[in-house]
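Down below are the structures I want you to see.
After this come two complexes, each holding chain A, first together with chain B and then together with chain C.
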Partner chain A sequence: MNFSVALDLFPLLSGLLAATTCALLGNFLVLRKLSLMGDAISHSVLPGLVAAFVLAGSRNSGVMFLGAAAAGVFTAVLVEIIKKLGRVEPGAAMGVAFSVLFALGVLLIEQFARQVDLDADCVLHGQLEGLVWYGHPETWRDAFTPQSLAGVPREIWTQLGMLAGAALFVGVLFKELRIAAFDAGLATALGINASAMHFALMVVVAAATVASFEAVGSILVIAMLICPAATARLLTDRLATQVWLSLAAAVLSTVAGYTGASAIPALFNLPAVSAAGSMTVASGVLLVVAIVAAPRYGVIARVLHRRSLARRVLIDDLLGVLFRQREAGEPESSIQELAAAMPGRAVPEAVTLATQAGLVSRAGARVALTEPGIERGVDIIRRHRLWEHYLVERAGFRPDHVHDPAEVLEHLETSPPEGPVADPHGREIPSPPASS
Partner chain B sequence: MNPGTSITEVLEILTFRSGFNTTVVIGGTALLGLAAGVVGVFALLRKRSLLADAVSHATLPGIAIAFLTAGLLGMEPRSLPVLLLGAAISGLAGTGAIHLIVHHSRLREDAAIGIVLSVFFGLGIVLLSYIQSEAATGSAGLNAFIYGQAATMRTADVLLMGAIAAVSIALPAVLHKELALVCFNADFARVDGWPVARLDLVIVALIVLVTVAGLQAVGLLMVVALLIIPPAAARFWTERLWVLLVLSGFVGAASGYAGAAISAAFPNRPAGAVIVLTAGFFFAVSMFAAPRRGIAAALIRRARLRLRIVCDHVVEAMHDAGVDELARTDFADLIGNLGWSPRLVAPVRLVLAQQRLARPRPGGGLSLTEAGRARGRRVSRNHALWTRYLITHADIAPSHVDWSVDQVEHALSAELIARLEADLAANPAARPEPRAAKKASA
Partner chain C sequence: MSPVLHASRTKQASLAERSEHSEHNPLSVHAVTVAYHRKPVIWDVDFDIEPGRLVAIVGPNGAGKSTLVKACLGLVPRAAGQVEFWGGSYATSRSRVGYVPQRESVDWDFPVSALDVVCMGRYRKIGWCRPVSRSHKRAATACLDRVGLADLAHRQISQLSGGQQQRVFLARALAQEADLYFMDEPFAGVDAATERAIVAVLRELRDEGKSVLVVHHDLQTVRTYFDDIVMLNMRVVATGPVNEVFTNENLHKTYGGRLTLLSEAAEAVARAGAGAP
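Presenting the complex of A and B:
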């Protein structure tokens, strides 16, 4: 696509500002299970907007911002009241509050349709494509002349101020927000007023919603409050890292969405589609990628992890069987014997894997433990018998009921507590291998 | 008020006498409200209310895709059944996506709902913006699904909506017992061998049905309110499922009726908004005035309890101090010493007199009756028993006990009293100081 300073710069910048502001705050919403508060607030600012519009009589007014922000805060308070005083389930309380306020807004718009140059559609979709730089500079050097700056749309200044405000809020109160997000009880015990933090966060979210939606529409606001933070949450366990990653995800989905809105339809000779909608979809696509491919919490990673765990358990069980037969005076076993001792398990695969790992040696159909195999076998059997001892002595199991649970416990990474030299069945508990 | 509409005209509409089409629309919307109220109960009890929000937003791309597909296949693109089918499919896909996110990632349901809601709706906006730019096909009809246009519905559309609504009332009627079981104790239902996952799917399918039915009349942004608000309002009034279903259905139907009728009478009152606000009015009234769970009832309960506690403290203090009569100033001082507001002086005197615990004396004082003295004895004894209980059974330090006693003194079981009395008889030194003396010294 051809980037035009006049037509593309501010829509893209506005999208970036909205996305980063919302993503920054969204981290704390997602952690506190308040994801849908953004949804609720962005619906219910509508009556505040219309009321402010009617009272102030103009659209270019800070009054409108105040009205919408007040409606946003009112929503948060109303949800709390319905939840606490009415003992209504949180989800339903939120649904009642925002749908009634939104309906009120729609009714007010219809009522004052002639006075209000505003419709619910522009709240929903925004007017991203309308952010044109009139009198834009020809070169970068001219970009900061008063003449060029005068052509910068008001929305951009509002959004810049909002991003600075949100960054200041999160930067200054990061520690308090973090404690309140993870453990409200601890926060209160430490003298941090968790409910004050909650309302402060709601105020900032309401302000961010209002500052952003005029340009990008409330759907993109809702998406950016949740999707980038959710994406980052799948990639890390550290909050500070998560915040930075969420900002990166927000930038990535904005740029991809904006480019894609005109570039992808152009491939099929079609006109460009809604940029705000396309950014929303991009943030969703990025999230799906994270759900599938995140290094630790992704679907692929977990499937792989489960598979390697299953292989380890299979090898360990094979070594256990071989070690027991060795104790019984049979240093070698045939595949058939092993299959009989491990019913329903993939014995040939286990033997192949263990041979590759150098834990068993094969001669024809005969399988025997190698030196490292014996060492690992000692460890498995030792764990198994110590767990059996533990189950009988500490957990009150009957001796003839402990084998099956011990078969599971022996694979845990946690070591069993030390015990005597014989297990509940009178068999010797081997000493740990000298090397460990 | 719209000056063009006379009172008689409004009355005609409200009483179904203003022409066949209007009547059909009002009746259909009321039926929709009834269905939403009934289905919403199960969503509320299963704590799935906001799922409806995701479903309704998720219908938008389905509507757009159905519109485009129908156009490509040479069918009439604005045919309602086709559009509603598309809406239902993408609504179900949305709930499927929520299910997948919750079960295959570490994200929780609230995040999953928000994600599906915004991303699906964003996709819908992308598709709509494409449709709008293709001026030839025209898309004026599609915007009606976002905000609803009850007044312009045709009879055939209303019949389709009514049929879907009827199905979503009939299904819970048939599966009433199973759905109730899943709502109240899903774990028990699972252990008992009921197909909980499939029953949950039935609830989700019902939510999708009602949402789809309401798209044209109420619009997808507000149909969720019909599923959430009536059951939440009805929940204030009852603890019984069938009463809840009836009340919620009634609130839904009344809201649908009022919304459709008012929007038929006044052209600039969109039906969706009026329906939601009517339901919201029912909710506000219920939350305030419901007999047991309402705010007013809770306030009255709390005020009564407080008065009872003050009265008990007064007779106890008089019993402990051995006085039967108090002059007005002494009575006011006593209330103050006990740590209560002087505003309570007059009400306490009134309540004591009403319960025949004390006789008011001229000049604002009072004197205890025989019943009042007996009550004072009992409260004093309970106080001692609680003190004993908290020190011996609850490990509370003797110096901290009195504050706790004031909280619990007024709820005591007979069995516990007997045990504590025996305890106290064995160890009389554990008696607390008399109340008035201690407060006065503090």
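Presenting the complex of A and C:
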């Protein structure tokens, strides 16, 4: 796409500012399981806007901002009250608060402010495309001249201020926010009042919502309060890293969404779609990618982990069978014999895998343990029989009931406690291999 | 003399009248009542803790043990009564009081490491708005070492076993370097190794002259682990040294439902409250 300073710079910048501000604060909402709070606040600012308009009699942006911020804080308080007095779960309290307040806003508009042009579409998607830089500079050197700066839309200044405020809030109070979210009891006992921290966070979220949504619309605000933080949560186990990753996710979805809004429809000869809507979709897509592909918590990682575990169990079980055969004086077994000893298991695959790992050797259809295979077989049988001993002696299982549980337990990383030299069935518990 | 001053003098006097109250005692609980939705949970509770003692709070489920701990720390509002720490208010003694909440009270999926959690015990020493410095991290690591978890300092807390999580909480309390500790069921659902580790740490704390108040469930171990006991069932049934107070008669009073009349009265209070405008 062709980037135009006049037409593209501020819509993109406004999206970036909104996304990073919301993502920063969203980390703490997601951790406190209060993700819906952004939704609640962004809806319930409507009656605040109308009330401010009616009381002040103008659409002065400062007054509207105050009205909306007050409504945001009021929502947070109302949610607490409903939760406490109504004895309902937080989700229900937030749902009740925002739907009722939003409806109240609609009623107030009908009653007092019919003449005001409050476009529902604009509330949802904002007016990013309207952020044109009138009198934009021709070169970067002219960007900071008075007449260039005079053309910067007011929304950009508001959002810049808001991002600075949110960054200051999270940066300075990071440790306090963390302990209040993790352990409200200890925080309060230490003198860091957890409910005061909660309301401070709600005030900042309300302010961020109001500062952002005029330009980018409520859908993007709600999404950015949740998606980047949720994406980042899947990628790391450290809060500080999570905050940085959420900012990266916010930037990525904004840029991808803004570019995609015109580039993707252009592929099909269609007109560009709403940039804010497109950024919202991008943040959702990014979350889905993280759910599927995150290194530890992702679906792919879990499937791979489960498969490697299943393979290990399969090989171990094969080695166990071969070792028992060996004890019985049969150092070699045929694939058919093994299949009979391991009903329903993929014996040929197990033999192939174990051969590749150098644990068994094959000669035609005959399979035998190699030296490393014997060592590992000793370990497995030892664990199995020690677990059997433990289950009988300590856990009160009957001796004829312990084989199946021990088949499971032998694969655990947790080692069974040491025991005698014979298992409950009188079989020898082999000593550990000399190397270990 | 202003009435306010006069009132506070009288309050002080009423505390001082009881012989066991002293400024040397880490904790003096006097006539504390806590109610949820107007129903008393603990009612007119009195007891003292002396320095260098391990004290168990025992009582049946719903006896108000956790509530009593939270009321002392100002985490639930008191309907009546006073709690004094070394003869002063909690606000002036915060840095000398450590707290171990119930393990289930926090979200163990939270993205923090064991060391991060232990550092939280030092937040008051670090002060508002300041990052955790290297020396505080070192102190926290030493506390983890004391409970045998130095190797797991950087592990995310959800990857610890239940017993290890409880030991992280204990290490966090140690990091507070307090003189009086409140521990809410530290022995609940832990393995034998963790139980031994906790008992060892409790004894070390006592030998350093510190006192620990432990909400405890296992009556079998009361005699071996603790010096003093508070037997609670909405009221304090008995309090004092374990070998004097921990008798069958008192156990029967605590657990035997002798207080049904009081429970009924509490229900009646709650109903009257609900019916009132």
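We take it that the second predicted complex is superposed on the first by the 422 of 436 C-alpha atoms of A that agree within 3 Å, B and C clash if a C-alpha of one lies under 4 Å from a C-alpha of the other, contacts with A are read in each partner's own complex, and residues count from 1 in each chain.
Just so we're on the same page, a residue touches a chain if its C-beta (ideal position, glycine included) is under 8 Å from a C-beta of that chain, and two chains touch if they have at least 3 such contacts.
None of these values were measured; they are calculated from a predicted model.
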| item | value |
| --- | --- |
| Chain B versus chain C as contact partner of A:R233, first or second or both or neither | both |
| Dominant contact partner of chain A by residue count, chain C or chain B | B |
| Contacts of A:R312 with chain B and chain C, given as first, second, both or neither | neither |
| Partner chain(s) touched by A:R366 [first = chain B, second = chain C, both, neither] | neither |
| Touching partner for A:E89 - first (chain B), second (chain C), both, neither | first |
| Touching partner for A:L186 - first (chain B), second (chain C), both, neither | second |
| Doubly contacted residues of chain A, that is, touched by chain B and again by chain C | 233 |
| In the complex, chain A residues that touch chain C | 31, 172-176, 178-179, 181-183, 185-186, 188-192, 233, 236-239, 242 |
| Footprint of chain B on chain A - complex, ascending | 30, 33-36, 38-39, 43, 82, 85-89, 91-96, 99-100, 102-104, 106-107, 110-111, 113, 120-121, 124-125, 217, 219-220, 222-223, 225-227, 230, 233-234, 261, 265, 270-274, 276-281, 283-284, 287, 291, 297, 299 |
| Contact footprint of chain A on chain B as seen in their complex | 44, 47-50, 52-53, 101, 104-108, 110-111, 113-115, 117-119, 121-130, 133-134, 143, 146-147, 221-222, 224-225, 228-229, 231-232, 235-236, 268-270, 272-277, 279-280, 283, 287, 293, 295, 298 |
| Of chain C, residues touching chain A in the complex | 70, 73-75, 91, 94, 97, 99, 101, 105-107, 110-113, 116-117, 120-121, 123-124, 126, 128-132, 156, 158, 172 |
